[in-house]
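Each chain gets a letter, A, B, C, D, E and F, in the order it is written, and its residues are counted from 1.
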Amino acid sequence: MKDIDVLIEALPYIKKFHDKKILIKYGGHAMVDDKAKSSTARDTVLLKYVGMKPLIVHGGGPEISRSMNKLGKQAKFIKGLRVTDEETMEIIEMVLVGKISTEIVSELIKHDGQAISLSGKDSSLIFAHKKGASKIDEELVDLGLVGEVDCINTNLLEMFLDNDYIPVISPVGIAEDGTSLNLNADTAAGEVASAIGAEKLIILTDVPGVLRDPSDPTSLIQKIKVDEIPSLIDEGIISGGMIPKIETCINAINNGVGSCHIIDGRKKHSILLEIFTTNGIGTMIYK
Amino acid sequence: MKDIDVLIEALPYIKKFHDKKILIKYGGHAMVDDKAKSSTARDTVLLKYVGMKPLIVHGGGPEISRSMNKLGKQAKFIKGLRVTDEETMEIIEMVLVGKISTEIVSELIKHDGQAISLSGKDSSLIFAHKKGASKIDEELVDLGLVGEVDCINTNLLEMFLDNDYIPVISPVGIAEDGTSLNLNADTAAGEVASAIGAEKLIILTDVPGVLRDPSDPTSLIQKIKVDEIPSLIDEGIISGGMIPKIETCINAINNGVGSCHIIDGRKKHSILLEIFTTNGIGTMIYK
Amino acid sequence: MKDIDVLIEALPYIKKFHDKKILIKYGGHAMVDDKAKSSTARDTVLLKYVGMKPLIVHGGGPEISRSMNKLGKQAKFIKGLRVTDEETMEIIEMVLVGKISTEIVSELIKHDGQAISLSGKDSSLIFAHKKGASKIDEELVDLGLVGEVDCINTNLLEMFLDNDYIPVISPVGIAEDGTSLNLNADTAAGEVASAIGAEKLIILTDVPGVLRDPSDPTSLIQKIKVDEIPSLIDEGIISGGMIPKIETCINAINNGVGSCHIIDGRKKHSILLEIFTTNGIGTMIYK
Amino acid sequence: MKDIDVLIEALPYIKKFHDKKILIKYGGHAMVDDKAKSSTARDTVLLKYVGMKPLIVHGGGPEISRSMNKLGKQAKFIKGLRVTDEETMEIIEMVLVGKISTEIVSELIKHDGQAISLSGKDSSLIFAHKKGASKIDEELVDLGLVGEVDCINTNLLEMFLDNDYIPVISPVGIAEDGTSLNLNADTAAGEVASAIGAEKLIILTDVPGVLRDPSDPTSLIQKIKVDEIPSLIDEGIISGGMIPKIETCINAINNGVGSCHIIDGRKKHSILLEIFTTNGIGTMIYK
Amino acid sequence: MKDIDVLIEALPYIKKFHDKKILIKYGGHAMVDDKAKSSTARDTVLLKYVGMKPLIVHGGGPEISRSMNKLGKQAKFIKGLRVTDEETMEIIEMVLVGKISTEIVSELIKHDGQAISLSGKDSSLIFAHKKGASKIDEELVDLGLVGEVDCINTNLLEMFLDNDYIPVISPVGIAEDGTSLNLNADTAAGEVASAIGAEKLIILTDVPGVLRDPSDPTSLIQKIKVDEIPSLIDEGIISGGMIPKIETCINAINNGVGSCHIIDGRKKHSILLEIFTTNGIGTMIYK
Amino acid sequence: MKDIDVLIEALPYIKKFHDKKILIKYGGHAMVDDKAKSSTARDTVLLKYVGMKPLIVHGGGPEISRSMNKLGKQAKFIKGLRVTDEETMEIIEMVLVGKISTEIVSELIKHDGQAISLSGKDSSLIFAHKKGASKIDEELVDLGLVGEVDCINTNLLEMFLDNDYIPVISPVGIAEDGTSLNLNADTAAGEVASAIGAEKLIILTDVPGVLRDPSDPTSLIQKIKVDEIPSLIDEGIISGGMIPKIETCINAINNGVGSCHIIDGRKKHSILLEIFTTNGIGTMIYK
């Protein structure tokens, strides 16, 4: 019966993050597997009940491709990069807002969390502009309705947090003329975390964190100072798909977020383990 | 320059409905035609700016069938009635929440209205239960994931109205186990209007209102007392698809809504003409 | 039935001036003619109902002279300028506060505006000091109980505006020893507009505005930049009684008022036409 | 230096009436004599500063007759009773609102009380209807614009009291059509005291209170139970002009006012002596 | 690392008792042993941080006797019962308020709880009257300054709870004349719990709870319905010092407290184990 | 009956100190003599009722020595200075918090003041650190658990004042590790007065104030500017026990306290006489 000590061990963290905003980027396995979905939702609700203020930004993952296939919509590519045309954007929005967000809300509600799904269009939550064409192989390539965030309507989010709601945000931006724009979910999560003054940005992935040797899961780097990142990139330790995630973390921290965490969403209770234990289970980036 | 008199003529109505909640059921032409969409949104925002509190419930209309076709999903029918199976419900939700709601929000934002799309699932806005099988031709028929409203989370709506947001609600209910349920949009609009204590429920349709002679658009009945409805049904004047709409109105009025209005969404500024002129342009049901 | 378009045309102005303070200086015809009084009051109440915050400062006009005559009180003059002795001041106060203000309040209430009459003495609303003797024709002339405004008790006005009351203010100042002081109504209006941070100061007069050729009412100057005023005075276009009004406007704008408007109170709905149409009907002074 | 004991003696009363509303009916000498005016104002402000909530209703007294004379206005009489025609009402309003109220406000401000003058017309503070013709000597006599109170807009008064203002109210009523009506000041004071839930109604008069023998000022009756009044009237002890005042007191007490006090406004600090000493100096009517 | 499951297991209880008031009666070992003191304080602070509202009432225990001995004060007894004379009461108050309460506050502060010690005299928190003489062996015995609770000033406690303070209350009552009265700590705890509307009253003792066989600690009765108590007393299972505690529980439950818990303060984390596990560790009394 | 003039004479002071915080340091005779205790409490409550915000810091005086004697505790001295060891501190705390504070609270409650006793430990009201050893006669002397104030938790005090409670504070500090520290009561009073932004710090003593000639009570100095103090010390006029009190005053004034007053607590109503009369009765130190 000494298990109850875990509660006591959690106490310092509960105190430390009392009333603090925790932005959780849902992604990967945690959004696909039914058991993982439920577990992640329960962990998020627990954060709310022990006094923190969680917010969620989710990505779209494989669901979008699946829906496009079903609709017989052929993906366009230029120089190997996917192009978001109007029809694609419409499908993306339907899937993100009408399917993924509402499912996450359902899971949170099942665990007694008051959750609300928000598109970046709702009350202009995420103002964005269309990304210009960029040069690839000496050629200007326009990837279509892809956006870059300009600003976040934090009043709306504060209203939700003050009234004990958990916002669940789809990475869709709204341009000045009302057009919907496709946003990178990690970037959107970082921008929201910065704007709202989050204490933590937690990114759920399908890897254990930053590994010194990608083939060796035991080579996890638990803590990285922002200053150390350039040399880790130079050494090739941070590479590939991890680079944009790390860049999101750098920006967030430079904009006032307390710390960023890249953790393994496949592990049960990964969010709680990261927050409530000394070493956590993933990689923490801090200043 | 005497046009300004129109403002003065509108004043008594502006006063009378100051701070009052106006539930507008979007449907038909007003949700399909681009110009009509924009015009309806602008009228709604005007109500907000002259001091009323508009809320929107919208239907799905032809968009859902179109999406189902695209997805190669064959509609199931029993005894001629459409059945909502799980896959159908998923598509309905994607279209209502991810497409129609977000489009309406976009239009409202273009006219400077702060709008927010809400599914009935958000923070359990619309609690519902699955409608039981009903007897048709001596046979029990189960139409699947079709819901009947149990209660409305008015706290959430009041928070939005108090903070000057226009809620845009999809007719999706949430069952106790978190399942999504398909709701009749008119009924959902009536339930929300009753729960929130709306002064008016305005239903946009593609007919001029209740006609004494359906073939003669000039035979419009401008006002109907709730008491008069049974005999109008007996006489066959109210019939067909108008009957469920009228029943929604009766329920709403019996639950405290001030008046209900069935108007022609195809006419420009129909909402304003109904509210700001003595006779209106459609049919008003009152107590 | 396309008149309703006027409402739609007014919408951008309704949005723009939402929650903004509009100081209306009542004067001339609009305070004398019964129909004009009623119409001006209704227009003012309309501003309130569509979301603005009107305040009124009124002058005394011919009513004071009439009352003095009735009381057999002979006006005193020095060098052709009227002198305000104690008895005169008493009559002025009775007429302004006890007759004109209460009549304006009555008219506003008839149109469902919650109005309250305020003397500059109420809770020291307008603190003033006695104007010193000024040199006229090489001679020092003391015009008696004439005041210059020192400061405005904006807390009192904010309380009224926050509670949806329309303040109706008489141009009477209170000196430190409690003496009543006669104030120029235009100046008082400008001071209140500045102190309260009004968006607009609208001065009702009996001329169409600033005319390039006083004998030609079609020579109205619709907009004047503050910078242009000195040369307009040099050219003699702004002259006579218009000069102090224009000076009031300059001061108000330099103290943060958005724009000033000199309009013809004899024209029906002049206030609405000035606010809700692109060109207005009078002269706008702006920065 | 033992005078300070008076403060201590006052303490129980200060505690007892903390935050309580005290309606003071100004009348007679206290409104005429300059020293008395100042002293009464200072006493009123002291009540405010030691934690009570004073409100003032004042009468018109001799000032109205004087003004009418000055204006050469001949008073009309029917059966010996003064008739209020439109012109008379206009003068009454000017004097009450424009002269007497503003003077009282000035005095209160001199003693650092935040006071605001209010006509019964301001935001429809005192709704009234015209008194019908009454039978006098078998003849129906219509006294003109004389009103009977219908209801008091207590919201307005509560706003002032909550913001620490002292309301100074003229006994003018407003009819539904906006007409001004002349009210009996004592009655108006009683109605306001009842509506606002005053703890005390203090009526300043020019007599010591109710005297057992009118010719003997030492025969003051200090306390009268409401029940005892009928027999005191029967005995002729309460008679003449005292009867309507006593009736006002009866009504006020029956409507919840704690106690009513008829005191001598000619005595210095009569208000304080009545409130802060055991026996008071006038007559207290209680339940 | 699966310990984190304990947090998840605690979640339903954290939700269920969110914002609920938990009255903890400190007593016995938990107030004597240094480690137990610290542990109990930490557990209490944890309740606060996970969203509950704990309040503490403590007893005096052996500390009072020790102090009396030190002061050479001989305890008086009548018929074997201790008598509280004035000098004794003075010592009791000094020990309870000046020593025990401040020590508990220190412990809570060490664990980051904002705690405030309160005597029942503070702002008349616990109004009480002196218990009359009671008959013992046919003789009337007056035990001196011993009190019975009349009422609790819940406003004061609500102010503390609303501002996130943990009140620590000494069982001292104040009589109408300001005299201090000695209160039974269990009874005082029950009265406070009832008055404040506590969800739980948790009494820390030095026994495991109610035992079916006092000599067998494994014979613990986990749950007792209020109705079952009389027969348990008849059977002699509840007896001796347990009877007054049980009576306190009965009263509390009849006055609206959700449940009462008699638990073993000597066991580590007994409070947490009782609240956060299905069976708890002591005896729960419920309706 | 002209005594009531005293109330009027007090009015300017009542106005001037309306809503101002008045810190009263209870000490000497006013804490010992029963009549003086009651009288001082009543005066304090009067300040509250006439609109000021009194706070009390009290000393321990002879009560502590008496209790130590009773407990047979021998005081330790080094170089003639009393040493506060742990046991002594425990007794000090019991007497200050458990006896003196609660007695003062009782007295205030008897006069209808809502009072609350606070130790400097409650919610870390007075954070302090142990004073280091100081050099006396070339030797380092450690006086034990004696503290120096670091900071005051003004939030807690503001909560009490906003809710109309009178805080009664014992001069006990809390160190970072939770240890209790003995504080000089005058110094503590000065620190609280500074932190809370008091208008006045009133120190009750057993002398008439600062005397030019200590043997001549009529040689009182009524007012001392802070600048004049050094020369008064040089001249030997301020000397002995008065020096630390004066230093407390200098610090308080330099930290924003309006004025400090050293008055004779033996004189009846000394607090009131100091505040409500022009010259006061003691010595005022000001900037």
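Simple rule for what comes next: a residue touches a chain if its C-beta (ideal position, glycine included) is under 8 Å from a C-beta of that chain, and two chains touch if they have at least 3 such contacts.
These numbers come from a predicted model, not from an experiment.
Asks: Common contacts of chain D and chain E?
Replies: Intersection of chain D and chain E contact lists gives F.
Asks: Using direct touches as single steps, what is the fewest number of steps from chain B over to chain E?
Replies: Tracing touching chains, the least step count from chain B to chain E comes to 2.
Asks: Measure off the straight-line distance from the CA centroid of chain C to the CA centroid of chain D, and report it in whole Å.
Replies: Roughly 35 Å separates the two chain centres.
Asks: Counting only Cα atoms for the centres, state how far chain C is from chain E in Å.
Replies: Whole-Å distance between the two chain centres: 70.
Asks: Quick check: how many Å separate the C-alpha centres of chain A and chain C?
Replies: 57
Asks: Multi-chain contacts only, two chains or more: what residues does chain A have there?
Replies: Nothing qualifies.
Asks: Classify the inter-chain contact topology: is it line, ring, star, complete, or other?
Replies: The chain contacts form a single closed ring, each chain touching exactly two others.
Asks: Once the touching pairs are worked out, the chains link into a ring; list them from chain B, going toward chain C first.
Replies: B, C, D, F, E, A
Asks: Which residues of chain D touch chain C in their complex?
Replies: Chain D reaches chain C through residues 67, 70-72, 90, 93-99, 101-102, 105-107, 109-110, 114-119, 121-124, 156, 159, 163, 165, 172, 174, 177-178, 180.
Asks: So in the complex, the part of chain F that touches chain D is made up of which residues?
Replies: Interface residues on chain F, with respect to chain D: 1-8, 10-11, 14-15, 18, 42-43, 45-46, 49-51, 111-112, 268-269, 272-273, 276-277, 281.
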